[in-house]
Structures are given as structure tokens and as C-alpha cells.
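Here come two complexes built around subunit A, the first alongside subunit B, the second alongside subunit C.
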Partner chain A sequence: MRVRAVFVMAWTCAVLVPLILAWGELSSVAERSIWDTLSSFEDKFQTQGAIGFTFQVAALSTLLTLALGIPLAWNLGRYRWPGHAFLRGLFTVPFVMPSILVAMGFLALFDAWPIMRREGALWALLIAHAWFNLALVVRFCEPLLATLDPELEEAARLLPHGETRWQRMRNLWAPLMWPSVAAAGAMTFLFSFTSFALVRWLTPGQRNLEVVMANQSDWAGIQIPELGRAPSEIVMAASMVQMLTILTSLALISWLQSKRMRMVTPTIEDARSSGSGWSALHLMLMAGFVLAPLVALTFSSFQIRGEWSLAGWEAAFAGSRTGIGVSEALRSSIGYALLTLAIALPLGYILADTIQRVEQTRPRLAMAIDLLAMLPLAISAVIIGLGVLIGLLRTEPALLREWWIPAYGHVMLTTPFVVRILLPAMRGLDPDFENSAALLGARPFRRLVSIRLPLLRGSLIVSGCFVLAISLGEFGASWVVIRFTEWTTLPVLIDELLGRPGFDPVPRAAAQAGGVVLLGLTMVLFMAVERFRPLGRGGDF
Partner chain B sequence: MKARTLMVSLLMMMTAFAGCLGSESTSEDSNVLRIISYDAFGISDEMLSSFTNETGIDVELTRAGDAGGVLATALQTREGDLYDLVLGIDNSYLGAALAADLFQPLDVDRSGLSARAIVSYDGNLAIPFDAGSVCLNYDSTYVDGENVTVPESLWDFTTSNWTGKVAVENPRTSSPGRAFMIATATHLGEDYDDWWAAMNANDVIVSDGWTEAYEVHYSAGYGVWNDGFIGDARAVVSYCHSPGVEAYFGDNWTNSVALDIPGASFGQIEYAALLAGSKNGEAAKAFVEWLISEEINAQMPMLNLMYPAIAGGELPEDAGYRWHSVVPTDAVVSPAEIDANIADWLDTWDTSMA
Partner chain C sequence: MLELRGICKAFDNPVLTDFDLDVGEGEIVALLGPSGSGKSTVLRIITGLETADAGSVTFQGRDLADIPPEGRGIGMVFQRLALFPHLDVAGNLRFGLARDGDESRIDEMLDLVGLDGFGGRRIETLSGGEAQRVALARSLIAEPRMLLLDEPLSSLDADLKESLADEVRRVLKTLGIPAIHVTHDGALAARLADRIVHLASARELAKE
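The block that comes next holds the complex of A and B.
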């Protein structure tokens, strides 16, 4: 228990200390209260419309994602398809794709429909959000659908309230599924609320709170009032609104997840039947939807000013425009990803384990730890970055030059996912195994290695895979600290190439080529891991 | 048992990777010159290694967004002794940097610099290494001389010909945007807020960065080739030599023309400066001397898409680079004036544009 307490405390410090430092720094420059700043949001160009736009986008994205995702989850969950594991992997991949590449993919796709760049820009953003978050609905709902005892539905057919399809929907499926659907919806809301790259690229001229904060991030916290005052005030106010909203939806997710585990008892058996031609067509369309932006991006990487060319790929691998090539950057990326895995997986395991053990006796404490574990998803990278910078400057500035510091940001971002994946799996374990082993005299470490870890193997591998994929694709946390050329990761390299003025067309194509490599790697990772996820398991992702 | 083997091998792999990353860690010896610059800074790696070969000084380059990001990072980390040399703070930010006593003198020979390079500041705290003017560019297929004539005043852009057809950058997030805003404030004086309010009423397009304004919105730039091109803007805030760069990379062909409205452009000058806390003055001096040497500085138009800072430095004639570029009459404003007024100008802009 003591080890767990130490880990929980360490995590709490790692999350809260930067937050507190950043807030302290911002409020020391700010002159107006958060409320004053918020009430003048609509009178200033930088913030005008941002709050409304953020909520509008998050709400509409959630609706569209559910509308597209529920039929897909049903189709995947209720019927048996050839290449099922492949399909499940395919529909999960978008979620771990780096959002800036998703934006580039959709730009390439929408190039054929100019209307999506003008009047339809909001739709373009909503579609991209739905594409991105589809995996949440599938992952939250599909395991339950795939293993629910078919006798339940048979029984429902015979009852007066379950005669028609509609009645069964209302009286059987809706009560069973709503916590999963709601949790997926809340999660989608969260990610659409904090979306950055997609908003920046797909809806030009529109700013959500995350974009507003990123815009002000350079000057927020600078201790020269003429430069730092207005940006600090804006970042404080925007991050407050964002954090309160996200914490609310996180609490909702945590509550829904524990509720769901209590009310559903799935069978271990496969409850799927074979699907009709229409279902197959629907599935193929959805697979096409998922692949479309990726294919468009790949095509685009082979084009320079409208003509086919390999120049982008050559420049990307030779590093002729950046000093470092894709393969070197990839090596750094993999290095950081493995380092992140080494920290985030054990950390997430212990956090989840603590929550699960504590929740029987002290549910409030468990909820608090759960929220803490998820907190990094609620804090803007702008705040974390500022907090880490200030913290290190005040203690040991030399650390800022250390190559491993960016891994801090990666760990912050990936650990919540480990917790979300492992926690439901742990809740689903039968305690009898471990109890019997304890009775037979197995010591705690022995029980962990011989019983608990093997039983959680599938979920551990899936969460490890998430950690690797998210870390590989991480753009945001890398700016948190100083970027040195020697440890340029692939996303940072792509970002740098995109930051060049595009008079010379090659860097852009090179960025796309680097993006295709990153996408390919992530995809292979996910397809490979999908077979480890047992049917009906794998928790929430 | 399988799980354990897996974990052990994973752990070993990770240590190996961590080791190979760690071994690249930079040494603390004084022969490493730590430079901070903006993302788009165009000195190539080969050039940096040729500098290292000549002088024995290793260069470590950190990138921090745009010119504003460079100054902000330098200010934020000033106590930390993280960098020696700052490259790319321009004369729109120089006043703030000087007021904050951010730099120490850098004693290099400045006699070879052009008059244009030292017009804003001529001292040893900041050494200019390139220059270029920020002004409006327009699409010559739209400005045909009959239905739409070449604008002669900024107010022409508030007429119906230009409704929703001008793209500018947000001055709080973009260096060219900020430079243009300063030019308008100096040029328009008391009419500054009225003009921006009129532009806002005329549906001016405001982007957070130059990239979006130029390649997504501008109809006469290279953006036409890019995914996601919109092309709704017939004029854009960019550099007066952007049409030249277009021609240079576009086989001496472009529709884009730089507009010289006297006093409505901002002559941007970019500086190299030694941070006050640095103990690496000698290496910094060697680097700056190299940067403003004839051989390197003359290459600025290709490397960094800017004019050289040395006397006699020009854009190349190749592919219409110089022919399509304009040297305008810039607004006259000193770094000190900018520093004194910038907060007001920005706040006014935010309100006029809301």
C-alpha cells in the first residue's frame, strides 16, 4: 500500500505543481480578475466568439460522432466478419493519429470539394472530429454488443414490449447501452473541446479556446506588463473555462464507467451472428471513410505543384531541407516512445490498481484519484508547458537542456489512457483466482507475476500500444521544452517543414512524406496488436 | 512466464534506446555556441558545419516559433543561461528587448553594413544580418486597371472592390502582421483605429499566421498548388519582395505584385544579439562576423528569403527575383517609439477589429 501511496503522490505532484506554478506566474502579471476578462471576451478580437464556438463545435461533433459511430459499433459488434480483428484495428487507428496529419489528410481530401473550405468549413471540422473520435464509440460499445447473451434478445422477442425492432431498441438495447454511449459521447465532447490542429487548419478564421490560448502562449507569463498582461489574462480565463468543463465531463465518464461495470454481465461466449449484404456495404463505406484522408495524404505526398514527383520523399529521407532525415527523426521518436512506455505503463498500472483497490472501501477517494489520473487531459499544453518551464528555471535550469525532459510531457499525456484501459479490465478480474493463490501461500509479487499480469496481458498490450502510438505522434508536448536538432522527433520534423514558407514546394511534400511514414507505422502497430485484445474485453479503448 | 520474458526484453530494449539517445547529450564545454532562432531560419546544416570546420566552434540551434517567440523565450529564460546568441529579433521587437536590458555589446566591425540595415538602430547591442519590407501584395489579374485600379491609399481597401478580398495577419500572433500594424499606426496616425474598423466592416480576412494568410487565402501565390487552398483574398500582407520569390521559384512567372503606398510599409530588419548572461562572447562574435561576411550574407536572398544587410548586397537577378521585387518607402518609426506605443496599438487593434 505504501508503494502505491508514493506513486499517487508523485503523480499528483507531477500534475499539480506545473499547474500551480503556471497559475502563479500568470496571475502575477494579470491585473484583472478572471471574471472581468471573461466578460470582455466578446469585445476583443483575440477572444471574440471563442467560447461559443468551442461549445458549439464540441456539442455538434459529439452528435455527429455518435450518429456515425453507433451504427458502426452495432454492425461490428453484432455480426461476424472475415478479418474482424483487422477491421477493429482499422476503426481504432484514427484516434491515435497525430491531429496535424489528420488535418493535412482532410485538406488533401477536401481539395476536390472547395465548398468544404468555404461555406462548409464547419462541416469539414465536424466530419474530421467524427473521423477522429469514431474509435471511442466503437471501443466503448462494441465489446458489450459482441458478447451480450443472445438469449436476452430471444427472450425480449417473446415479450409484448419487445415484438418489433423499435421496441427492442427502446426496451432492451437502450437501457443496456446508454452508459457506454454516454461515456463515449462525453469522451468525444472532451477531445472535440480541446481540439487544436484540426480547428486551426480546417476552420480558418475561427478560434476555439485551445487556439486562443496557443495564440497567446508566447507572451503569457512574461513579467513585462506591456507585453505580458493581456495574454496572461486571456490564458488564465480561457484555461479556467476549459478546465471546469473538462473536469465535469471527466467526472461524468468516471461515474458512467463504474456504473456500466455493475449493471452488465456479458457472457464470455461469442454472441455474434452473420451479417447481411447491407451491413457489409455499410461496413465497407465506413472503412472507406476511415481510409480516405490517409489515402489522400499519401497521394498528395507524391505531388509537387500538381505533378507527380518523388522529390518530397527524397528530401524527407535525405534531410536535405532540415539537416536531419526521416529515419534519424524516426529513431529519436521511437526512443522517446519506448522511454515513455517504460514510465507510463507501470505508473498507469499502479494508479489503476490503486483506484480499483480503494473504490470498494472509499469510493470518494477512488473517484478523486481517477480524476487526478485524467487531469492532464483537462489542462492545456500551454499551461503545462509554462509550468514546467518556470518550475525548472527556478530550481535547476540546466535540466531544461536534458534530452529526456520532453518525455515528461509524453508521460503526462499517455498515462491517463493506460488508466482508462486497465481500470475496467481490472474491475472485470475474478478476485477468486488471487484469493485462492493467497490461501495457497503465494506471496504478493508471485501473485502479480503469475496471475494478475497474465490475466491482464491483453489490456496491458493494448494500453502499451496506445502509449507508443500517442507518444510517436505527439506534436504538442514537444514544444513544452526546448527543441534541439539532435533529438528532433518525426512530428517535430514535420512541424518544422510545415513552418517553412512554401515558395519552395519541396519541404511541404517532404512533410507529407514524413507524415505518411508516421501514419504507416502507427497503423502497423495497431493492426498487429488487435489480435491480443480478447473479444468483449479491452476495456474502453 | 511469457509475460516476464516480454517485460525483461522490453526493458532491455528501452535501456538500449535511452542509452543511444543519452550519448548524444551535449557537453558543457565552452566551444558550443547556443543559438536560439525562429522556425523558418534558413541557414542550412551544411553551412553550420562549414562554420564549425573553419572556427572549431560547435553550433547548437534551438527553434522557438517566430520572431516574437524568440524574444519571448529569451525573456522567459533569461535567468537560466540557456542560450548565448539570439538570431531574428527584428526592429519591431528590438525596443522591448533593449528596454529589458536583454543584450550585452557585441564588438564586431559594422562598417560594411548597408544604410538600410542600420536605419532603425546603429549600435553594438544588435547587429543586423538581413532586411526586407512588409507591405501589401495584390493579384494583378484582379487589379486589371479598368474595373479595379491600383490602390493609391490604404483607404482604397475599404471600398466595395475589396470587400472580403484582403488578408492580413493577426498582429499578436504574426511578425509580418505586427510589422504591418505598426506601419499603419505610424502612417495613419489618428485615423488608425478608424481605418481598421473600416477594414473590419469591409470583411477583412485575419489569419493567425503568415502561412495561412498567404497560402490559403491569397489568390496570386504558390498556395494555388496546395491542398486546402481557398483563394478568396486578392491582396495580402507579405513582403515587398514576395513576388520576386514567387518568380524565383516559379520560372520567372508570377501574378503577384508588391504595392508601394509611401509610408504604409514597414522596413523589417533582423538582428543577431548576444544575451546579457552569456559568457560565450568570443564564439558569438565569430559567428556574427561569419554571418555578415560577404560570402555568407550575400546568400540571404536564397537562404532566408531576405535582403542582405551588407552594403551593396542585392537580390539576385536570376529568374526575375529582383525584377519582381519592390523597395518601398517605409514608415519612419524608431524601436523606442514602437516600444512606447505597442501595447496601446495592440489594444486598440483588438477593439477596432472586434
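The block that comes next holds the complex of A and C.
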């Protein structure tokens, strides 16, 4: 137990210390209280309208995601399809796609259909958010739909209050599903609220809080008289608004999750039946929606001003428009991803194991550790990057030259996913397996290696792939922290290429080529993972 | 009252072949047979939850072929009881009450199945026997013209099974509702039903 306590303490320090240091530095440079900075937040030209825009985008994105996601989850959950695991994988892929890649995919799509861009960038952003978060609705709702005892609906159908489809929807499905739907909605709100790359590239004329903070990150926390205290004030106030909103959403999600857990729903192993032609058509349309930006991105990488060309791919690999090429950036990305995996997987395992064991005897403490484990998931990637950057500037500036520093942010961002995937699997383990091993004389280490880890094998593989995919595509924190060209990761390289002046069409195609490489890696990881995810397991990615 | 004629149904293999059954007014019939003999399929065809490949189902002189399950006036107690987990006991019964139904019937029905005062209880707090009675009460409050029981007692222990079988019979006879009870337990079939139909050979066995 002592070892676990040390790990929990280490995690707490790793998450909180950079943030506290960053806040301390920001407030000392700003020389104003947080309330003063908040009250004058909207007065600055860099921040005007940012709060309203952030909330508007998050709320509308949530509504659109639910509108598209609920019918999809229903179709996937209630009906059996050929290649079901492939389809589930396909609809999960968007969530783990690097956000910068999603932005590029939609930009490529708008290049193909300029009418969409003319209709308004906000719509484009909302659709991209819905595309990105679709997997959350599927992950939260589909497992229950796929295993809920069909006798419930049949019983309802034979009773007066469940005779019609509408009555069953209102009186049976809605009350059973609402905690899952609301939890998915709250998560979507959270991710749309902290969206960075999509806002940066799809609505370049608009700024949400995340973009505002990123724009000021170069000067925040640094005392340079000519710049004044505005950058520090802006980051401090924006992060405060973000933190309050995120904590409220997290508390809501936690309450909804416990409500989902409390509702003892009768399930069977597989409740799916054959789908109709209309359902198949709907599924095909949704598959088209998911694939469209990815296909557009792939095609665009082979085109320069409408002509087929390999110039983009050549420039991407030669690194002729940037300091380094795609292969070096990819090597760097894979290196950080493997380092992140080596740290985040055992760390996440120990945190999940601690939560599961503590919740038997001290549920409040378990909930507190769970919340701590979740915290980085809710804090924006940019703020995590800033926390690391400013924290180190204040304590050990020399460490900023260490090559492994970007992995720090990656570990922070991926460990919560490991916990969220492993915890339900651990809760589902029958304790009698380990008890009987103990009675047969197996010591704790032997029980871990011979019983617990093999039983958790599927979930460990899924979480490992999640860690690799998220780390490979991580952009926000890396964008803030990476200070040397040789550390440049693939997403940061893509951003750099996208930012090149528009008169030269090659960098854009080169960025798309880099994106296709990243896309291929993520797709392979995720299609492979679905084999290990059993039906009915979900709600936690 | 209920006539099944020449019912055939196959899934991967034939389950029912040319099956006939008659149930009279107020009669309780037990369908006895081993697992996989098609007992539950018969009930699902009668309710309309499953469609027969061939044959006809006539109820009170009406062919049920084009009538959806919700329009047949036939109630069913499911094998896994299918109590709605998001509703309490009274809520589950209210689901079965007609829209303009008298709410006081909920208490009456709970009283009839020996669960007086259970209205506020959550479903997950009920014992197996209590849950079975709630499922029975929920089906009966909808005033079905016939009740189908799909092995609802199978998960209970022997003593409880017998006492509940007596109680179900008492309630059905009190209300005069005809019923079909599906089971693989011969003793239970004999205890609850007026007549037993052995499904494997479709032979009718007189109740001893």
C-alpha cells in the first residue's frame, strides 16, 4: 500500500506543481488579483468576444454531436452488421485522430467543395467538432444498447404505456439512456470547450480561450517591460474561466457516471438483432461522413493547384521548406510516444489499481484519487504545456534543454486514458480468481503476473494503443513546449508547414503528406485495437 | 378461445413443425418440454413478437396474423421478468395501467399478489420471489384477455417455486384469465396447470 501511496503522491505533484508554479509566476508578473483580470478580460483587443465564442461553440458542438451520434450509437448497438468490429473501430478513429489532422482534412474537404466555406466558418468548426467527438457518444451509449435485455422492450410493447415506438422511446429508452447520453454530452462540451487546432485553422478570424492562451504563451509569465503585463493577465484570466468551467463539467460527469453505475440494468451477452435496409443506409452515410475528410486529405496531398503531383510528398520527406523532414519528425514522434507508453501505462495501471482497491473501504478517498487522475484530461493541453514551460522556467530553466521534456506533457495527457480504460476492467474481475491463487500459495507478484495481468491483457493492449495514438498526435502541449527544431514532432511540423505563406502551394501539400503518414499510423493502431474490446465494455473509452 | 393450427417455425433448424394447440375459457395449460423444444417460441408467436413460417393463430375467433403485439390484448411474464430498472415497483405497475386507469388499482394489484406496501421499493432491492410477483402484477394490471408465462419461476428455489405456483394459480383463477405456462419442470406444470401439453411430441397428457 505504501508503494501505491508514493505513486499517488508523485502523480499529484507531477500534475499540480507545474500548474501552481505557472499560476504563481503569472500572478506575480500580472501584479493584479485574478478578479481584476477577469473583470477587464473582455476589454482587450486580443480577447474580445473570446468567452462568448468559446461557450457558443462548445454548446452548439455538443448539440450537433448528440444529434449525429445518438442515431449512430443506436444503429451500432441495436443491430448486428457484417464487419461490426471494423465499423466500431471506424467510428472510434475520429476521437484519436490528431486534431491538427482533422483540421487539415476539413480544409481539404472545403477546398473540394468551396460552397461549405462560403456558408460560414462556424458551421465548418461545428461539423468538425461533431466529427471529432462522435466516438464519445458511441462509446458511452453503444455498449448499453448492445447488451440491454431485449425482453425489456418486448415487455413494454405488450403494456399500455409502451405500445407505440414513441411511447417506448419516451418511457423506456430515454430514462434508461439519459445518464449515458448526458455524460457523453458533458464530455463533448469539455473537449469542444478546450479545442485548439480546429479553432486555429477552421475559424482563423475567431478566438476561443484556448487560442487566446496559446497566442500569449510566448510572453506569459515573463517580465519584459515593453510587453507590459497583458499576456500574463490574459492567460491567468482565461485559464481561470476554463478551470471553473472544466471543474463544473467534471463534477457533472462524475455525478452522471455514478448514476450510470448505480442503475442496475438487466443485460445479456448480445442483444443485437438484424438491421433494416434504412439502418444500413444510415450507417453507410455516417461511414462516408467519417471517411470524407480523411479521403480528402489523402487526395489533396497528391495535388498541387488541382494537378496531380508528388511535390508535396517530396518536400515533406526532404524537409526543404522546414528545418527537418517528415521522417525525422516521425522518428521524434515515435520516440516520444514510446517513452510516454513506458511511463503512462505502468503509472495508469498503479493509479487504477489503487482506486479499485481503496474504493472498497474508503470510497471518498477513491473518488478523490479518481478525480486527480482525471484532472489532466480536463485541463487543456495548452495549459499543461504552459504549466511545464513556466514551471521549469521558474525552477530549473536548464531542464528546458532536455530532450525528454515534451514527453512530460504527453504523460500527463495520456495517463488518465489508461486509468479510464483499466478501471472498469479491474472492477469487472472476479476477486475469486486471485483469492483461489492465493489459497494455492501464489505470492502477490506471482498473482499479478500469472492471474491479474493476463486477465487484463485486452484492456492493457487497448490502453497502450490509446497512449501511442494520443501521444503521436498530441499538438497543443507540444506546440507550447517544443523549443528546438530537432525535437519537432509530426503534428508540430505539420502546423509549421500549414503556417507558411499561401503563395507557395507546396508546403500545404507537404503538410497534408505528413498528415497522411500520421493518419495511417493512427488508423492501423485503432483498427487493431477493436479486436481486444469486448461487446458491452465501454463508457470509459 | 385460442387456436394454433399447423404452426411451423425454423431458425437455423426447424423448431416447430405442424404444431396445434387449443386453450379454452379460463383454462391454464402447461407447455412442457426440454430446452430447445420451442416452448418459448410458441409464446412469442402467440404474442406476435415472432412470426410463424406457416400456420394460423386465432384468438376469440379472430385471426391474429395482421394484428401487432400491442393490439392483441395478450400479456406475458418473461423468463427474466423484464422489470424496468429505472422505475420503482409502483412505476412498473403504472406502466401497465391504461392511460385513464384508476391509480388505486396499483395498490389493489399489489395486495392481490401479497406485496402490500411495496409500491415505493426499487427493483434491485427485491428478492427473486418478490420480483416474480411484481412481474405478474404488472402483466395483470393491463387486464389482458390471456396471460403467457415464460418460465418465470425457473430461477427460484424449490419451496418458493411451489408456493408461488399455487399463488399464481389462485390469482389467475380469481380473475378468470386463461393462461399458458411454459416450463421444463413436470411437477411445477402439474401444480399450476389444468392440462399439460408435452411439446416434444405434441401429445396431450391428462393432468393426474
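As a working rule, the second predicted complex is superposed on the first by the 486 of 541 C-alpha atoms of A that agree within 3 Å, B and C clash if a C-alpha of one lies under 4 Å from a C-alpha of the other, contacts with A are read in each partner's own complex, and residues count from 1 in each chain.
Heads up, the rule we're going with is that a residue touches a chain if its C-beta (ideal position, glycine included) is under 8 Å from a C-beta of that chain, and two chains touch if they have at least 3 such contacts.
Since this is a predicted model, take the numbers as computed values, not measurements.
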Partner chain(s) touched by A:46 [first = subunit B, second = subunit C, both, neither]: first
Which of subunit B and subunit C A:457 touches, first, second, both or neither: first
Which of subunit B and subunit C A:172 touches, first, second, both or neither: second
Partner chain(s) touched by A:397 [first = subunit B, second = subunit C, both, neither]: first
Subunit B versus subunit C as contact partner of A:159, first or second or both or neither: second
Touch count on subunit A, higher of subunit B and subunit C: B
Subunit B versus subunit C as contact partner of A:496, first or second or both or neither: first
Shared contact residues on subunit A - subunit B and subunit C: none
Subunit C partner contacts - residues on subunit A that touch it in the complex: 149, 151-152, 154-164, 171-172, 175-176, 263-266, 268
Residue ranges of subunit C in contact with subunit A within the complex: 47, 49, 69-71, 74-76, 78-87, 94-99, 101, 123-124, 138-139, 142
Touching residues on subunit B, where the partner in the complex is subunit A: 2-4, 10-11, 13-14, 17-18, 20-22, 24-26, 39-40, 44-45, 48, 60-63, 65, 68-69, 72-73, 75-77, 79-82, 96, 100, 170, 172-173, 205-208, 210-212, 214-217, 222-223, 225-230, 232, 245-246, 248-249, 305, 339, 342-343, 346-347, 349-351, 353-354
Interfacial residue positions of subunit A with respect to subunit B in the complex: 42-46, 48, 104, 107-108, 110-111, 114, 117-118, 200-201, 204-205, 207, 211, 215-216, 218-219, 221-224, 226-227, 229-231, 296, 300, 304-306, 319, 322-324, 331-332, 334-336, 338-339, 341-342, 389, 392-393, 397, 400-404, 449, 453-454, 457, 482-487, 496, 498-505, 508
